[in-house]
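The following block contains the structure, expressed as structure tokens.
Naming follows writing order (A, B and C), and every chain is counted from residue 1.
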Amino acid sequence: MSHDHKQLNISHESPAIWRVTFNNPPINLVDHGTLQELHDLTTAIDASEELKVVVFDSTDPDFFLAHWDITSVAPARPDGTPAPSWIDISLRLARAPVATIALIRGRARGMGSEIPLGFDMRFASLERAIFGQPEVGVGLVPGGGSMERLSQLAGRARALEIVLGAADFDAATAERYGWINRALPDAELNAFVTNLAQRLASFDKAALGAAKQTLNRRALPEAEDLQASQALFYKAFTWPGTAPRVKALVARGVGTRGELEMRFGDLLPTLTVTEQS
Amino acid sequence: MSHDHKQLNISHESPAIWRVTFNNPPINLVDHGTLQELHDLTTAIDASEELKVVVFDSTDPDFFLAHWDITSVAPARPDGTPAPSWIDISLRLARAPVATIALIRGRARGMGSEIPLGFDMRFASLERAIFGQPEVGVGLVPGGGSMERLSQLAGRARALEIVLGAADFDAATAERYGWINRALPDAELNAFVTNLAQRLASFDKAALGAAKQTLNRRALPEAEDLQASQALFYKAFTWPGTAPRVKALVARGVGTRGELEMRFGDLLPTLTVTEQS
Amino acid sequence: MSHDHKQLNISHESPAIWRVTFNNPPINLVDHGTLQELHDLTTAIDASEELKVVVFDSTDPDFFLAHWDITSVAPARPDGTPAPSWIDISLRLARAPVATIALIRGRARGMGSEIPLGFDMRFASLERAIFGQPEVGVGLVPGGGSMERLSQLAGRARALEIVLGAADFDAATAERYGWINRALPDAELNAFVTNLAQRLASFDKAALGAAKQTLNRRALPEAEDLQASQALFYKAFTWPGTAPRVKALVARGVGTRGELEMRFGDLLPTLTVTEQS
């Protein structure tokens, strides 16, 4: 995409409700550009006095957010400051006095799962949402907060199943494991989220913000844990087993609208079969 | 109600099993009188050597406990001591070497949800129980421990949905979110709880008490968190948006057996519509 | 059983996948011999460079592991070191860079539930698995980590219901409470676990180990808590109410393949009825 293309369509449905629609064809990969736009959005959220709710959805019914684009390089920044990090953005959003809601259709894998995990609530299409943390299957570890947040939401045993198994999960199982608040029939999902957003917008920002701040007291992951996981993610690219898996991903068409991206979870164990035989 | 009316019907079904039935017509509001009686009951529970189980139910199948009576004023006490607080009562009950069980039919909203959240276990009628924390919808925040306890039981995302959304939840969803242990068909609920109480009563108090004490080790909320939330609840009455909402509640018939109390969750977003238009 | 009988059948299905089958007829009781073999197995697991997954199942479709054999005495050890303890074994397994998976058919009660709770994941037969922590019903408290681990997985209210109520739970309820990852139809259980084990074995040990270590960060129980509960378990045998219950257990045929062991949960409240009347 050109530098001018915006990946986030931001619509102010009212002063109290913003809708942010991910739009990064062909499959809504997450890259440094996405993070820059999420960073800027967070600054706008913090600056707004009237905003109460932000709903995040996607233009692509097959891909909410595919996953991190492993070819993405942090752009050089004239002032020498580091590129925005999801850890900082997600902790700022978690502390913002507004409710952030993910409305999920399609695949949400890796960083594409970790971004909604950083929002306050997640509602997903029973028929069309698919969740996965495929990192371990690529020789990596999740680096965007899923280990910290799934551990809290799903408990150790289910978080280990999700992260070590690296499989795709349907929305019903994701609901049972606490990964999402609810799985709803696709035909009811939009109305449910719209209704919830309008409820929240009808309440006072002071009450919403104070309640959220209170609930944050013991419920946020530690920034140092998040940073350690992110560092481990980057370090994992140097492990001997990882390069062949990443290479196989590229050969299989990662990042394009093909079979690998549609059935990532199923295909992971076959990734290096050809290389090894 | 007269000062002599007792809101709690206490029946010693056996030395080991007490049944406490909330009875504060017309809709089982919670007020300083309720807290005084719960305080006295807790003292009796702590003093009993034979007691093993206390079951809490309600005379009113539509209202387990409606919510806090916002018109209630703490009575002057001759000795100058403060009125009993739910924080102290709930922490004493949580540490008592007996099992406390809520059998819930009808609405349990606000403090009426927070009181059973302070008990050890909660079983509810699948058809007749309704749960809500409507405080944010009235410009307040929950002050009786629900933010601390729901955060532990339901996780951050679902606790935020419950508290910020301020909606009514049916018993099946409350079970899925961990708000209650189980939702049972109404026709089976009484027998289930009676059977559980009799099981517990057949066991040794030493074992029951030691196991509960051990499970408390890492599972109780911090008293300072509970006190901070209670203080915030009282402070919220001074926020500018709150008074019009409280006034609208009164105009709509809060505390009476009418449409508002039956459908609190649904009606909350409409509370100040007339005032604003 | 003779000293030479091995309770654990250990099969190296591949260098990366070991299967450990509990085989201690007549009902798979757990005793000091089991712990010695689990201790030795853990040492072998730690020493293996190629191992990635260990699946634990049972030869007996009615008893995954019955419970602790209360007649078991720690064998004298020539070198004076203490007998292996489940606390140490379970914490070593939790930290090992391999995935441990329980495949559960039949009863898993007391220590027979606490051993799979010490593994990383648990999958159980919807029709045939039964879970219980019957200790409180025998005048004891659970001493093998279930109070610490169930408190984290199921939350305080459900952990209290499980531990104080001492009832048998079917697999569907155990799944709902987080006691197990999933309950699967019996006909699908083996294939599900085999498929998961093969997935894990196809991934890199470096990634599996690093992800597990990261997820352990805030999710392991404290060793001091586990030790305090174990000490309380042993102390409980001296409580006045406990000896008659243990005596009644023996009179009813504990440890044999009879009605008591099949219906432990249901029969617990009747244990001392004859003695008292």
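We take it that contacts are C-beta pairs under 8 Å (C-beta built on N, C-alpha and C of every residue); 3 or more make two chains touch, one makes a residue touch a chain.
From a predicted model like this one, the values you see are computed outputs, not experimental measurements.
Where touching is counted per the definition, the chains common to chain A and chain B are C. Rotation angle relating chain B to chain C: 120°, from a CA superposition, given to the nearest 5.
Although chain A and chain C carry the same sequence, what matters here is overlap: shared residue numbers make up under half of all numbers found at their interface.
A straight line joining the Cα centres of chain A and chain C is 36 Å long. Counting partner chains per residue, chain C shows two or more touched chains at no residue at all.
Put simply, chain A touches chain B in their complex at residues 99, 120-122, 152-153, 175, 178, 180-181, 196, 198-200, 202-204, 206-208, 210-212, 214-220.
The residues of chain A lying in touch with chain C in their complex are 135-142, 147-148, 151, 155-161, 163-167, 176, 225, 228-229, 232, 236, 239-242, 245, 268-269, 272.
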